[in-house]
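The first chain written gets the first letter, and so on, giving A, B, C and D; residue counts start at 1 in each chain.
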Amino acid sequence: MAEMVIGPGEESFGVPNGKLGMWTFLVMDAMTFAGFLAGYARLRWKDPLIEGTAWPNPYETFGVFGIQLTALNTFILVCSSVTMVHALAEVMRGNMKRAENWLLFTIIGGLIFLGIQGFEWTHLILDVWPYLFDPTHSVDYNLNFAATFFALTGFHGGHVSVGVIYNLVCYLAIRRGKLTADDGDFIEVAGLYWHFVDLIWILVFTFVYLI
Amino acid sequence: MNLANLPGFLAPLGKDSEKSLLTYLLEWAYTTDAKRIGVMYILFAAVCGVIGMILSIMIRAELATPGLDLMTDDLYMTLPGMHASAMIFFFIIPMYAGFANLIMPIQCGAPDMAFPRLNNAAFWLLPPAAIFAFSSYIVSTAPQFGWTAYPPLSNSVYSPQLGADLWLVGLIIVGTSSTMGAVNFLSTAFNMRCKGMTLFQLPLFTWAVIVMSFLVLASTPVLTSALIMLNLERLFPETFYFFAPEGGGDPILYQHLFWFYSHPAVYIMILPGFGMVSEIFQTFSRKPIFGYHVMVWSMVGIAVLGFIVWAHHMFTSGIGLYVRMAFMFLTMLIAVPTGIKIFSWLGTLWGGSLSFKTPMLFALGFLAMFTIGGLSGVVLASAAVDTQLHDTYYVVAHIHYVLVAGSVMTLFAGWYYWWPKATGRMYNERLGQIHFWGTTVFLNVTFFVQHYLGVQGMPRRYADYDPDFALGNLISSYGSFALAAVQIVFFINMFISFRSGERVGDNPWKDGTSLEWTIASPPDHHQFHHPPEWIPVERHHGDHHAPAAAE
Amino acid sequence: MAHKEAKWVANDILHLQYMVIWAVLLVLTVVEVIIPEPSLVGLEAFPRTFVILSLIGLALTKTILVAGYYMHLIGEKPAVIPIACAPFLFSVFLTIGLFPYY
Amino acid sequence: MISKRSNRLTKATLFMGVALAALLVPLIAMAIPGTGDMISIHSPAGREISDLYNLISKICLVILVIVEVVLFTAIFKFRRRSDDEMPAQIHGNLNIEIGWTVAAAIVQVYIGWVTIDVMSRTDKMPETEMTVEAIAYQWGWQFRYPDHGGMLSDDLVVPAHKNIKLEITSRDVIHSIFIPQLGVKMDAVPGRFNYWWFNADGPVNQVLADGYERVDVTTEKRVTTRPELKSKFQWLYGENTFNGRDTKVKGLEDRVTYMAQSRKVEEVSPYAKYAAVEYDGMCTEICGKGHWNMYFRTVAMTQSSFEEWVQDMQSGSGEVSGEAVYSAKCSSCHGADGAGSPPTFPPLIGTEWMNEDKKNEHIEVVLMGSKASTLLGDTTIAGVTYTGVMQPWGEVLNDAEVAAVVNHERNSWGNSGGEVDEKMVADARKALGLPPFPAGGAAPVPDSELMAEGENLYAACASCHGNDGKGLTRVPNLAGNTTLLSDVKATIGILVNGQDKPNWPGKKTAIGASLTDRQLSALLTYMRKSWGNDASAVTPSEVSRLRDEVKQ
């Protein structure tokens, strides 16, 4: 009896199972962010006349240096997206050594992003919004500016750390030779997730930092 | 009943699991076989259904007579919320996921689901979520804010109890588990169909599961984000003011996010039911479905329209007049695809040769009473009338007609229909009919009365009411006790049948035309020894009795 | 498996393509940073609606670029593309519905 | 199932019987007035909603009958006669499908159109003669009358035959005001005002209002106290149980108002002496433990008795009974017997606040609720920490009521903590910086609200006095204006009577006459607290008092 391998059937869309599964997962994840961003949009549309609900201008709150630092952060994440794509191209071409290095750059890019994000959080919590931990301070603008900032960047940060671990697993698998050249699908799916995280950051960066 | 002679996929795989029950159960726990995971979903959902039913009996017992005689309002206020969450999140949706796991891969001609281990993980998220949610009764007072959990009642100031946190975490985990299931169903349906089984040859139940999965994928995460926001606000009240007006937040935002999930969720809870009923009508009227393509596209229509009507749950929350008019008009349009489906079922029955086995009885009962639920929905949809009927017992009557006479009746129909296929044994027909007539009669006694209570102005979620409504509540309570009693007949029937029901062949209903009726019942571990080859045929009954399963 | 035959054609062209997309993304990011605070490059402030619309437009173009080239949606089978675009549709429904019309 | 040998006649009669049943059952359902007519027939909007509900129910019942008849005929006509019977394998018929799709769409669009038409009349706010603020709090309602100096009442008392505008908000969680007989339903969301209107034009039974004949009030006494429940089925034959249509106007004298557990069942309603009619009001959005117990009365009075009622309320006639205030406001948390409900609400028996020297702390706790200085953090009594949140009752109860309830708590259930009087409460308010709220006076309006309203009103004055208060040449400068800051009475005099000084460019119009007490106090508060001025706010009760003295 031929062993039934659990792979795409004859009538499949020609897409490997993993990719289809990852894309449907990304639909779900994108909707979670849609929930947060829609909440952010609604909280921001409060009419500013009611005292205490005026939304501050991000440039003043984060400071020009803060915005430029985050722009650098976005650029780093885009670079790690590029290195991921190169890693995939190398796997497709077959020389795993180069793919391994590209994947290492991707992981390093992710870690740098998390580092800068962590630095920014501590800076914001300690210096810009001391009211979070000591009630004597207070801020005249809408408290939800900080709330939505932490929710959106925190949730995205969680996704980036999961992505770094995911890439680390791929990297170790390649180093140990578990993943060979014809396991391109595995890396491609990891790449999909990483690009999705970068894509979401582009939107979050625009809404939280720039508008 | 020793383990060795359990048939088909129920049979123990390993040698040692034949001897010891524990290893046999562990084998089930680690299984990646979709059919076994389906059975586990169904058993888990049945247990939670019983819990939900007990909670509903406590509610009706208290409401039987005016006056707080059985319990304090402290306990009573937890019951509506926990009854609803037990039934919605732990009974109906997992039960549909169970039948989908059991039947859909076979109907697609796939050997198993696309991601077997993810399938197992998705199931094993459910029991912890249920423990989280129901333990709120033991740990501290359960949440007293209904299953909708509107802030500021649900924030840390007005429901400080730990039970509320537990319930919220339980719900987030259930949401994740059902999205994991949805990813699996979509990948299987899109990618693992056997030769010849194009998208428009798929049986309607599989189509219903596809549309349900898409609804789950796009709506459940919005509930997860709303619950995460609520949890953040509960844990760090000085930092997060999403829904707290004093910090610039807006309680209506939570309602929007919640109902953006919950309206597609009610379609998640009915669409697989539509799929099951379409299958049953074809088999028991020996006639293909009336207008296959119209049925598929009306399901897709319901799903897409389901996303743009959510604010009809919030007509009285103070949203703008033109917003209400817009959402009211869209809600009116969503009744059209449902109407098409009901008329198409009538078209299927018309001119068929109907045999009244129990699944068919339940399906007909569904069709007769779901129409009442659908029409009371149309009455509620018109915003002007809704201002008088919102949050009264008219809404409770509509909910229960659509869910009990809708989803639960289809679940019973599906259960009786696929029971012989899943266990290889026939249930007792007489007990099945007693169960059907009991459920139908007492269901109407319980819930039709509530239409009048609602019109008279009796609000929802009340521990005690004005004695004007005493008679209606008395009738409704007696009806609900009898409804609960009748379900015992169902469980007896199933226990007897599993132990000593007479064995059935591959096609017990002799008219099943989809792929699951071509393989042994119960199917073996790998149900298709060779990839099956579906001959695209207009699914005729009669001359082309069973599709050729290439040996 | 059927999918393997589609070897990646002429990989070196791909490399160049990725680099071009990377450069475009970099430029767009820099432009995005300047628009809300044009004083960085000595221009005076743009009108508020222009800032918002252009920022959202730029963000969407970057999203489409990343999704198209880096997630290989360009050469992808047609079935995956509606799945990929579904969240945009639903989030537009949600955001419009959420507008506080009062 | 159906026996095989039945001949043609019985089959025909059987079929007719089933078809008839399928038709009759829904019609019988229709006959019971419950589905036909709503009870919101005592206001024009309510009647319109009821008629719309009637129309839609009829349309839905017609569709229901069609579906049921087709279903039952299909069941009986096409039941399987012999086992190997094979029906024609048809796959659907496109034009039938298009037919019922279009039919369904037309019916839905029609219903939608009719609803939009009704909504444009019922939901749009007509011009209203009176505004009442409905403030919900956890487990009770409170109504403020801004047009009558911010007077507070526990029941919604309104003049009949007048468009009343309801400004609905909540002090803590989301509630929802629901008066079934008047078709009023709107959520009370904290942090925003929701608006609804109604016109209680039902029959007011004492006085022959224009066009309404006196409705005879049946004298059947329907006692609803709990011990009566033994004869449960007495309801079955009771006059107004289940016949739905509320033909009998719930006359005042004999209708025993069933006010659930929190309020005693009053034999005679307190509004018996006015020419009025009563409707029940309740909450319909789940708001915690006491959600079922938030009954209030909506009383529609004739204009004359309404003014009489206002006088009674403002003169504070009638001494306040501490026991009544306690059972209305405090028993739902601290229990009727003062035992509280651990672990959320603390008991009141024998706690430290009750003994002799803690009188002021006790008053402060009642005034400030959980924000009281003595209650910072969770209170722990006998080892049990209590997490419940207490309302700041200072905004709701006036000095007399606070004194009465404190005395009640200190001298019942075995406590003996001495007496407290109104003056102590007034001093406590001044010490805590709360606005004064003497018995009969208007509820203290928070300054921020007055300032916001004053700012809008000042827009009219800005044309001459300028936004910065400096004003045009030779127009009196309001910033640092001595009469404005020191002599409120003279300022009110100018505003109410108008003034004309020779060197002024124009005559000062008497705009104050057209402003209500609250608007005038808001304007004065705004002017006295902006442009560098820092004088105390002016309360509406003060304005109404001074206005009479100053009026020429």
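Note that in this section a contact is a pair of C-beta atoms (placed from the backbone, for glycine too) under 8 Å apart; a residue touches a chain by one contact, two chains touch by 3 or more.
A quick note: this is a predicted structure, and the numbers were derived from the prediction, not measured.
Counting steps between touching chains, the shortest path from chain C to chain D takes 2. Among the chains in view, B has its Cα centre nearest the centre of the complete protein Cα set.
Work out the mean CA point of chain B and of chain C, and you get 38 Å between them. Centre-to-centre, using mean CA coordinates, chain A is 14 Å away from chain C. Per-chain Cα centroids separate chain A from chain B by 34 Å.
Chain A and chain D have centres, each the mean of its CA atoms, that are 48 Å apart. Counting only residues that touch two or more partner chains, chain C has 79, 86-87, 90, 94, 98, 100.
Residues of chain B in contact with two or more other chains: 190, 217-218, 222, 246, 249-250, 252-253, 256-257, 260, 318. Those residues of chain A in touch with two or more other chains are numbered 7-8, 13, 15, 20, 24, 27, 31, 34-35, 38-39, 42, 46. Contacts from chain B toward chain D in the complex involve residues 65-68, 72-74, 77, 80, 144-146, 148, 150, 152-153, 157-161, 245-246, 249-252, 285-294, 316-318, 321, 324-325, 328-329, 332-333, 335-336, 339-340, 342-344, 346-347, 349-356, 364, 367-368, 371-372, 375-376, 378-379, 382-385, 387-392, 448, 451-452, 455-457, 459-468, 470-472, 474, 538, 540-542. Chain contact summary for the complex, chain B toward chain A: residues 108-112, 114-116, 118, 179, 182-184, 186-187, 190-199, 213, 217-226, 228-229, 232-233, 238-242, 246-250, 253, 256-257, 260, 526, 528-531.
Taken together, the chain C residues at the contact with chain A in this complex read 1-4, 7-8, 11, 14-15, 18-19, 21-22, 25-26, 29-30, 32-33, 35-37, 40, 51-52, 55-56, 58-59, 62-63, 66-67, 69-72, 76-77, 79-80, 83-84, 86-87, 90-91, 94-95, 98-100. Against chain B, in their complex, chain A makes its touches with residues 1-2, 4, 6-13, 15, 17, 20-21, 24-25, 27-29, 31-36, 38-39, 42-43, 46, 50, 52-53, 131-132, 135, 142-144, 146-148, 150-151, 155.
Of all the residues in chain D, the ones that touch chain B in their complex are 1, 29, 32, 34-35, 38-40, 46, 48-50, 52-53, 56-57, 60-61, 63-64, 67-68, 70-71, 74-75, 78-81, 85-94, 96-97, 100-101, 104-105, 108-109, 111-112, 114-116, 118-119, 122-124, 138, 172-174, 176, 178, 180-181, 183, 185-187, 189-192, 194, 224, 226, 229, 232, 235-236, 240-242, 244, 258, 260-261, 280, 282-293, 341, 344, 387, 389.
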